[in-house]
């Protein structure tokens, strides 16, 4: 308790009080430096608290219930510690990166506000994962949305951005209502909303309420996580935030939703009937597949990455769903395996997705664009950024030796284990999921070949890309730390798997140590040795090297316009999966009467996803038209107003008459 | 004496203020008198806290519930008076449109509202409720423009009709009390009614009938849908300090009156009937007003609808009853007052600086009017029930109670409307705060009085979001104790 | 002893790979009524290439240089999972076939990047097409393996092979047939053979793999060619091991291994004949028919998984 | 004494008929002045009922109330109305949204409705049905007048009729409320009327008419 407790209080105090106060109090450069250093130390303190929480038994840390009107306390148990570790581990490098980034991108007064919100954003996420009462959780949850929206708006407030932030806020608020509901639904059966009480009460609540809790947790957290079709806000909000914030939003904020879902579905409810799991699986599969398909079609790097977040959340939910299915069929050890897979992927995604967003930030710092069609050849100009970005790409694709692989492998393995549930639907459904995940993985690989190949390799496609120079030291440093972490977990997954196993044993009673976690941890270093060893031997075979201009098929010289672009690279895949996209295309030829000798041809392709058309728009239009109809009731005529009163009275009297 | 002082000061004050023709002097006098009044109210509240209950004669009494609402009145009206002192600097000198008339009417208005809270007798309470309408009607029509006259007339007529039904309800209650053997003098005394209630001596049929009329009557004043029609007009057309007073104090006073009746009827015939009515009106108000917020074009009108929505929330809290429901409802009356007055203050500044309140006519405020924008933002975040502001707490309490009682029919619209309202506010606010400013404000800087008042309100919202101050909590407990 | 055998297996797969390519080329030539080159020619080609210098485009970065080595490393590692003469493998472990597939993906990923790094149109073309084919091939590949794994109730390749060994050769189930069909189809796509890709063409309308390696030369090209030969060989060995392992050594006598090796060569020979017949008889598909081809493979493999339910009740 | 006693009894039992008559007449009245006179008449009937009640129940306070009704509702208010109408120089028509025939039918329906409504209550409270029904139908008619007449003055009048109904209901069921309260209520009504008068002036100043149905700038 002693030292870690102090570290935890320090962390909260810095993020909640000290850093914002310093930043508001002083506009000086040094104040900003102090504040960012404080935030950095807070992140390190968070790591410390988390590691000790993962290793030791949980202990309550901070109880503010004597201050607040409803119980507000923060505590670190194993699950919390894991997510706290995730947040802190990402915070440290992102903050390092953010120092020069904010300096480069913001004018003087905005910088302070950005840092203030940044600090509060971290605080809110930490409050969410460490909250041990419903009140604290909900407060942190709402705050997290607000502060992140603020961070986006600081970057700029053009009408389009405004619209995107609006959608973000609205969906988050609706999701928060569902989240609130799943806490409150426990109330009739528990005396309060602190987690301990909820946990004990959950055994006594009737089935329909359990289902209601589960479904609202699924929808509420699913909105935050960005499950399709609740993802609408995600590709809008994430790309427009400043890159370090995008990194935090995509890398960390989404994970709080995973945390919430795990907390409810596993910790509180302890699973349920198997259809719980199938719903989650379905959502995961749809999100994963469509997420990656939409990502492939993007050429705005940050939007592309945002869609990949949808995809990865899909993978995480595949693991969670599998775990729920196993729980329903009383197979705790497999449930534990799937849960470990999901949680590990959560952690991995946090690392590589924030690294990717940082990379996008570095690119935009160097070239002032994140449009893939304007990039190219950056690897030679920005070697550190390129290498770290490549590592992140390999990780997100799930290539062996990188961290994404380990979690995907565990997920695959738990799918395969589904075949042991003989005589159930799961026997077939789970193994078939292997195909889905493989397809997702394959498409992701295609997508990141495109991303890295188009952005970093080949020839520069614009003047900006041609004159790009490597970003400042601290930015490189932040990215390097994350890349190293990706590699470390990729090669020595046992580091994280061991604490995850004990975490899974807490969440899933009766689960032993899944053999697979040990076997993968054992084999991966060997594979690394063989692959790297052979490659090095192969490198020795190479003797001389000579620069030679590529033959240009008789033309004077190859130009960057001859290279494959991002759009054309993805064309075959878009062609094959055309049904998933359905773009609105318009081709305009000027002048219109001379189709064969046009002065200009413009081509526009707008993708409005079918959910927008089928799910959201009709609903929004219905609400607004209802409001307009209600508006007509307020006619302006006082006689009608009086009539309303009389009618109200008469109907109440009638009600009274029938009541007696 | 202590009970009479807060009543005497505003009545005398109205006369005194009228004597000063010089606007500056009138303003100073009004502020001085306002200060005195606040002090008197403070002393009264303290005495109620110490002694539990104060009685003066047969008709005046102050208990915990009165003290709680008086505190709200004192707090908000002090803010409003200070704000008005700055606000009126723009006002021209008409025949009745001058600061001294303004303050005189405000004092009369305050008098009626304070006496509503101090009435021991439900008949007197009715008289004073009607008095609030009369006192504020002129304030609503203060500017004497087309809109103001129209709004004033509608306000006067609609509320008078509504209040007439409340009178009928009061008479029915009186009838029930007299039939139950209470002496005619004490038959409308709230305390004796409460004492008589549990014995079931009061005819339940009559009580229900009375409650139906009262809820329609005072509901008109509160702004329950569908009797709310006057409310958006009056709030929009009144001078902004008056809008704040109407929304933040008057509606609460009407709610206070309804609470008194609700307590009696609940005790006599059981809470099922009155609470069902409250829930119905609460949900209806929330839903309709929540949706209408989406399609408003005038800032103040939008805020008026938001007031209706929040009265719905309070009604739901009352209708749920239970410790948390009541706690939430009472807390929400206060929180809503603070947030709404902050919003109206910023609306007033916008009107002065930009000359318009049309939502689509305002752009880029965050650049041109940073302080006002901040106030507007804080107020809106608070009013939509987001942490760390105080309305989150009260809504949290009410929702907890609703879920505890498993009232899913209340909960579902409640949660949906909260999202819709949030959407409405966010949508309108984005348009106003962001973007490039189209018109440039004339006097962008706030004067200290405005600055301070809005700062206090915002601080109060934040403070109550984190912690309910000790003394306030005590008063709240005492108010709850009165009702149960 | 076991480890020696395992290493021997890996070496057979790696060192024998050019020979397999040579034999197939020779058979194809014979089918086309050509004389054909010697079966040892791939070795000579590799030796020649290794002696040459590397030509590197001026735009290329380190990725271009690194890609062939990583491809080679990953492919060699793949070979370490596949049993040849004995139902064991160097890196046999639970769930190793996922590793196998993903190691192949690792190599392909870097090769595609290397292709894009050349900065010419052909590299992008090849990489883009490869992306399409490989992204669609992974699912049927894994599903086919999963079907066999479910049948065997084992999760490692060596274990599956061992289980199949114990079954009677006449006891093969529908799952086996379906899985074999899909895996065979996938192998064609994975190794870039007809009808998915033509390993001998340099026509920009059709080439996939060749488009990617167009800018490579010297030792780099040698590594790439060798790696794809190893891949082909490993796939053949995998098919043999999963669907026709009978005859593999079960004890650890040298004699047993010799018989097993001979039998392996025979079985591989049959497969090579089949492959060259297919290559000789079938025309390359249009680019956009490839997804259909792989779709069929996916459907068949999914069926295989579903049929396991019948086999295991 | 006896004669007075009989008269009071008669007044209490059968004066309701006069009230119904005023209601029906109010429904057909086309001029404001007629309506005001009818209101005055109605108030006079109510005054008689108050005095009769005071006599029968021997309530000293009720005499005061009766006097107040007489002074305010029978004399002062109608007088004020005429004065107002003169000052405003308004057209005398009430501007009804319904035709006189419709109005009569509606008024008749309301009277019937009142009987139906009060039936159970009247017996329970030992109050003559007629009187209670008259009170309720006054309330309803007042409401009806407010909803259907477009003139501001007629809305005020409707309110007064409604008020009369409430007052009558209070009188016959409870013999009036405590005096202080009654006086307070009267005071409120007076002030209310005064304010409404002020507003009618303002309306005619600002809009040049008194048709409240045209005040429709504020809506939505």
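Brief remarks on what is shown
Labels A, B, C and D are assigned to the chains in the order they are written; within every chain, residues are numbered from 1.
Here is the rule we use: contacts are C-beta pairs under 8 Å (C-beta built on N, C-alpha and C of every residue); 3 or more make two chains touch, one makes a residue touch a chain.
Everything numeric in this text was worked out from a predicted model, so none of it was measured.
The chains in contact with chain B as well as with chain C are A. By number of C-beta pairs in contact, A-C leads when A-C and A-D are compared.
Averaging Cα coordinates per chain places chain A and chain C 36 Å apart. Chain A and chain D have Cα centroids lying 69 Å from one another. The centroid of the Cα atoms in chain B and the matching centroid in chain D are 32 Å apart. Chain B has its Cα centroid 43 Å from the Cα centroid of chain A. The residues of chain B that reach two or more other chains are 153-154, 157, 161, 205, 209, 232, 295, listed in rising order. Counting only residues that touch two or more partner chains, chain D has 143, 146, 155, 212, 215, 217-218, 220.
Looking at chain A, residues 631, 634, 638, 642, 653 sit in touch with two or more other chains. Chain pairs recorded as touching, per the definition above, are A-B, A-C, A-D, B-D. Of all residues in chain A, only 631-632, 634-639, 642-643, 646, 653 touch chain D in the complex they form.
Listing the residues of chain A that touch chain B in their complex gives 67-70, 135, 138-139, 142-143, 146, 153, 157-159, 162, 165-166, 169-170, 173-174, 177-178, 180-181, 184-185, 187-188, 193, 623-624, 626-628, 630-631, 633-634, 638, 641-642, 644-645, 647-649, 652-653, 656, 659-660.
On the side of chain B, the complex with chain D involves touching residues 59, 121, 123-124, 126-127, 130-131, 133-134, 137-138, 141, 144-147, 149-154, 156-157, 160-161, 164, 167-168, 171-172, 174-175, 178-179, 184-185, 188, 205, 209, 232-233, 236-237, 295-297, 301.
Of all the residues in chain A, the ones that touch chain C in their complex are 377, 379-380, 383, 386, 390, 394, 397-401, 405, 408-409, 412-413, 415-416, 419-420, 422-423, 427-428, 431-432, 434-436, 438-439, 441-443, 445-446, 448-450, 452-454, 456-459, 515-516, 519-520, 522-523, 526-527, 530-536, 538-539, 541-550, 552, 558, 560, 562-564, 568-573, 575-576. Considering their complex, residues 121, 124-125, 139, 143, 146, 152, 155, 159, 162-163, 166, 169-170, 173-174, 177-178, 180-181, 184-185, 187-188, 191-192, 195-196, 198-199, 202-203, 206-207, 212, 215, 217-218, 220 of chain D touch chain B.
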